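Okay, so chain A shows up in both of these, paired with chain B first and chain C after.
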Partner chain A sequence: MLEFKLALKNLLGSGLRTWLNVTVLSIAFVIIIFYNGMLDGWNMQATNDTRAWETGAGQFWHPDYNPYDPFTFADSHSKMEEGILALEEKEMATPVLITQATGYPGGRLVNILLKGVSPNQKILSIPSHLLKDNPDDPYYIPAIIGNRMAQNLRLKEGERVLVRWRDANGTFDAREVTITGIFKTTVPTIDAGQIWIPLEKLQELTSMTGEATYAVISPNAADLPEHTKWIYKDDKALLKDLADIMAAKKGSSRVISSLLLAIALLAIFDTQILSIFRRQKEIGTYIALGMTRMRVVRLFTIEGTTHSFLAILVGMAWGMPLLLWIQRNGIPMPANADQAGVAIADKITPYYGGGMIMATVLLVVLSSLIVSYMPTKRISKMKPTDALRGKLV
Partner chain B sequence: MNNNVVNLENVTKRFPAGKTEFTALNKINLSFGKGEFAGLVGPSGSGKTTLLNIIGSLDIPTEGKAIVLNKDIGQLSHKEAAALRNFGIGFIFQTYNLLPVYSVFDNVEFALLLQKMPSDKRKKAVMEALEWVGLADRAHSRPSTLSGGECQRVAIARAMVKKPQIVLADEPSANLDSKNSHHIVQTMKRLNQELKTTFIFSTHDEKVMQYLDRIIYLKDGMVEKDEQIITK
Partner chain C sequence: MKIFNNTFTRIILIIISTLITLQLTGQNGKEILEKVDQNLSSKNRIIESSLTIHGRRSSRTITSRSWTEGDKKSFTEYLTPASEAGTKMLKLDGQLWIYTPSADRTIQISGHLLRQSVMGSDLSYEDMMDDRKLSDVYNVTVTGKDTLQKRDVLVLELVAKVSDIAYYKQKMWIDAERYVPLRQEMYARSGQLLKRAELTEVKRIQNRWYPSKVVYKDMLKDGKGTEFVTSSIKFDQTIPEHIFSKASLR
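And now, the complex of A and B:
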């Protein structure tokens, strides 16, 4: 198309002004992709880790269980229903029992959650195999904790800590647990304030034999039981908090992306206004040579929009190696970043999805098309005789 | 039907001037035949450029009829007027109006690109036009590297490359020195004779006037005198 050829010629002929606009827009383009890639990478890592360590493919909850209300923990336990037990037998579900407790590390008092999990389970990434019992000591309770918990309680592997709890009848009891393993996880919700012990041991200690608070379902589980009293929470429901946090992060990223894009687009808009103001004689000449005004509008719009195509090419030229390097090496997160309550790895590996890149390309092209078109509307109102005289419009 | 390429009947053009109107052309009746080399002469504000703009379909008359190449200018749509300018009319401006980022070749080629002429024919036509004006060796130069006379010759090549029936030249020698003025008018005169193109000038340059076959004197938007020059 003639307009594309002419637009490119005009742009390249404008020299430095074009390249300044293109550079600014290419920076915005690359930063938007980087920023979204970071969030997508973090989101993917956090989602995968949360699934692997905490939520599995879904969970069946005791009807009274509400993880946000600790007062429900005392009553939210019962024997699992047959359908869920059948899944457990096939190793497609693993039960977890929760009870509130108090720990006394170094004579201090700390509120904790005692969680019972089967040492043989393979559904969650928690290293439950470290919960090795000592057959010679009937009072021995192996326990594993996350490294955040270990740090907070100043506990090391092999050390003991006194734990006190109430059983199903409301009777207080206390015992020392031995830390047999400290695990490192990016998922703070299975770490902070929690001590994991063997499920059967916890059931015995709390007089809740065969009972559980919830059951985690394996991703390989096929037919899930229907019409159970226990409530099934699917992957989406369990990851809702994470999705909400990510949505909020995406919202703030959109604000930053919009600001960046606005700065770049403002430069194009400004150039377009200036072009139409300065190039009136040229516009008149185009019309005198046989172009319709609409065709001149199209030419100037394409000219402005071509900035975005050039910016994408330039952005790819310098941005692609940089983004790929960042993807290969990851972005190290500051120490204690995981205290934010969301799963954050030591390094975030950005993920540049095809859809996100295409959406960014479309956003840049369409928005530059709009800001390029807006000022050209003046041309359609311009009288060719005035344009030829360079008379202000 | 007649052999005239331009027929103006009672052409009047008024422009708004504050709360009143300014009459730039007042009931002009003129016609131009094929191959004429005519000039509109008169002081500033006499209506020369306005008349050229109407003949060139860049403007329309307020009253009267302007028939150019059998087309009623007042009745043309934007698209039809653009097509008329593209195929039938060439323009030469006082300030050359070359497109600054294009080479000489690109400037001359532009009108043919709009005509969608095939590439090989286009290149041949552009080089031929540049040879007419003696600038074939400057085809790849930018207008900024040319002198005023050379720029105006490029503008002539651009107007002539599509072999239009009419060329409208608005004060083509106003920015040129005496030698260049003679040169470009001689070039146009030669093309007028070779290609039988109708040239209509607006000028008050004596150097241009001496080449004209017909001089139309305008004053206050009216034809004061229409004079045929008999060349020996």
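And now, the complex of A and C:
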């Protein structure tokens, strides 16, 4: 206890030097929490949105379906197996059919994916209810697109675009589709290059009656069919790309955190070296008065580590209001931030989890402890007489 | 009496023109298509041709030499420009191999890759490879007669009788005398016009009529289309078997 009292007294006695170190460390502490909070917030938002708009709670894929190879789409369709059909009947699964197609907006040629989805589905957030048929026109094809696609094709609601595709036998067909809705989503993988039309219409147009490419499973689905030929992809598999990107981002976050911390810790290390050099007679007096060398080492280590505790307190004092303000207002992202294909909202809302804050506190305290201890090792080798005469170093 | 004469003359003229139309269109569509096939199809052929692709900003021309046997075997070597020279394509049944000298690699194109455009043109590999006789894959009806390129033509409507075909419907303007198409329109199942080919410079080659210039145009997009000009063609030659082997790609 004596060491703690002495350490705090010495530290506060150092005045400006201590507060400079504490300020630098507190900045590093707050920035680390902010950066990690931003990544965690983005991760949560992207994961939730991707689940809501694209992946659901899982998916059953046609055995030949490979979303990374568009050339597999023409062959990856068939009638769904009984187990999956039973889920669809209970509204616990919704089938999606994909066909490669070409759009011709204003005489331009744009490669697109024509996707069929049930207008009555409730599993995905895609506003499929906007796919309203026109009973008076048998050739009417309602279609919805995302705002990125609308921008790319330069289309507005109510306008028409000519689309060409091939049916199951490879025969060309072409019709105009009418844009009945433009939706805004943070998930570019269900927007860019895609036109959504009613599933039954697409099945009819492509001679693929009752067929689908994959089925999206509802989070409320209880018993999933086993031993199906269609491949089940769970939540983890479907979000793997996102998780990989986040892991890479976390890696870069660790590098930035380490650099910030290194700058702050360098100051503490420097202070420790200076203290030991300037306070040799004091160290000799402590030992002469009966303190063991290890107690003196402990005293100086605690003194250095206390910087981190003060930094956390100071950081909380100025950082907490700032971080909470940022959390409330969000961080605006540039309009083309989602061009890489990852879900990014207009604003990222940081998420400061308890675990992340505790881990940052531990990191700051432990690293301060290490850099505070390292320079004090030479105290354990000193002779008290030399120290009293100021000849330790 | 004068009025009667005028009316009579008109009736006679109508009857004569109807008879002429009936005589022309009365020909069995299938027979016409078979005559077209006789002109266009052969046991084998060796062609030197150029493909001019008109882009938005510029045009480029690719020349090639091809050896073709029936609808199953074909070997093509690109001659110019320098960037494409030495590229070779071998088609055997439904498979296609392409050798690229710059990469010194042979890749196989199959399945749906065959539906991709050939070097950015309005033609797909499938368009180039589908050499089936028209009379084998289409039911045909003669719908009328017309004049095109200052020649009398018969207008044929072709509707697919097989399911594995790219164009469900075609319309052809056939030279009524030489039985060679002068215009060809390809339609989607919905009736939407997809592509148009204008066939010109019909020449007499080895007892058959052959259009040496074809301009293909994708009717759904802007652009001038793709020109295919045959500079030399020889039918029913002796082609060594090794030409149609993968060894000839390198």
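Operating definition for what follows: the second predicted complex is superposed on the first by the 392 of 393 C-alpha atoms of A that agree within 3 Å, B and C clash if a C-alpha of one lies under 4 Å from a C-alpha of the other, contacts with A are read in each partner's own complex, and residues count from 1 in each chain.
One rule holds for everything that comes next: a contact is a pair of C-beta atoms (placed from the backbone, for glycine too) under 8 Å apart; a residue touches a chain by one contact, two chains touch by 3 or more.
These numbers come from a predicted model, not from an experiment.
Overlaying the two complexes via chain A leaves chain B and chain C side by side, clear of any clash.
Between the C-alpha centres of chain B and chain C, as viewed from that of chain A after superposition on chain A, lies an angle of 150 degrees, to the nearest 10. By the touch criterion defined above, A:Ala74 reaches chain C but does not reach chain B.
Once the two complexes are overlaid on the shared chain, A:Arg378 sits clear of chain B and of chain C alike. Of the two partner chains, chain B is the only one that A:Thr292 touches; chain C does not reach it. Of the two partner chains placed by the overlay, only chain C lies in contact with A:Arg108; chain B stays clear of it.
Shared-chain residue A:Gly13: touches chain B; no touch with chain C. Across the superposed structures, the minimum distance from chain B to chain C, using CA atoms, reads 74 Å. Once both structures are placed on chain A, no chain A residue is touched by chain B and, in the other complex, by chain C. Only residues 53, 56, 58-59, 78-79, 82-83, 85-87, 91, 93, 95, 97, 99-102, 106, 110-111, 113-115, 158 of chain B touch chain A when the two sit together in their complex. Against chain C, the residues of chain A that register as touching in their complex are 71, 74-75, 100, 102, 104, 107-109, 139, 162, 164, 166-167, 169-175. Chain A contributes residues 2, 9-10, 12-14, 281-282, 284-285, 287-295, 383-385, 388 to its touches with chain B in the complex.
The touching residues of chain C, when paired with chain A in their complex, are 111-113, 115, 126, 160, 163-168, 186, 188-190, 192, 194, 218, 220-222.
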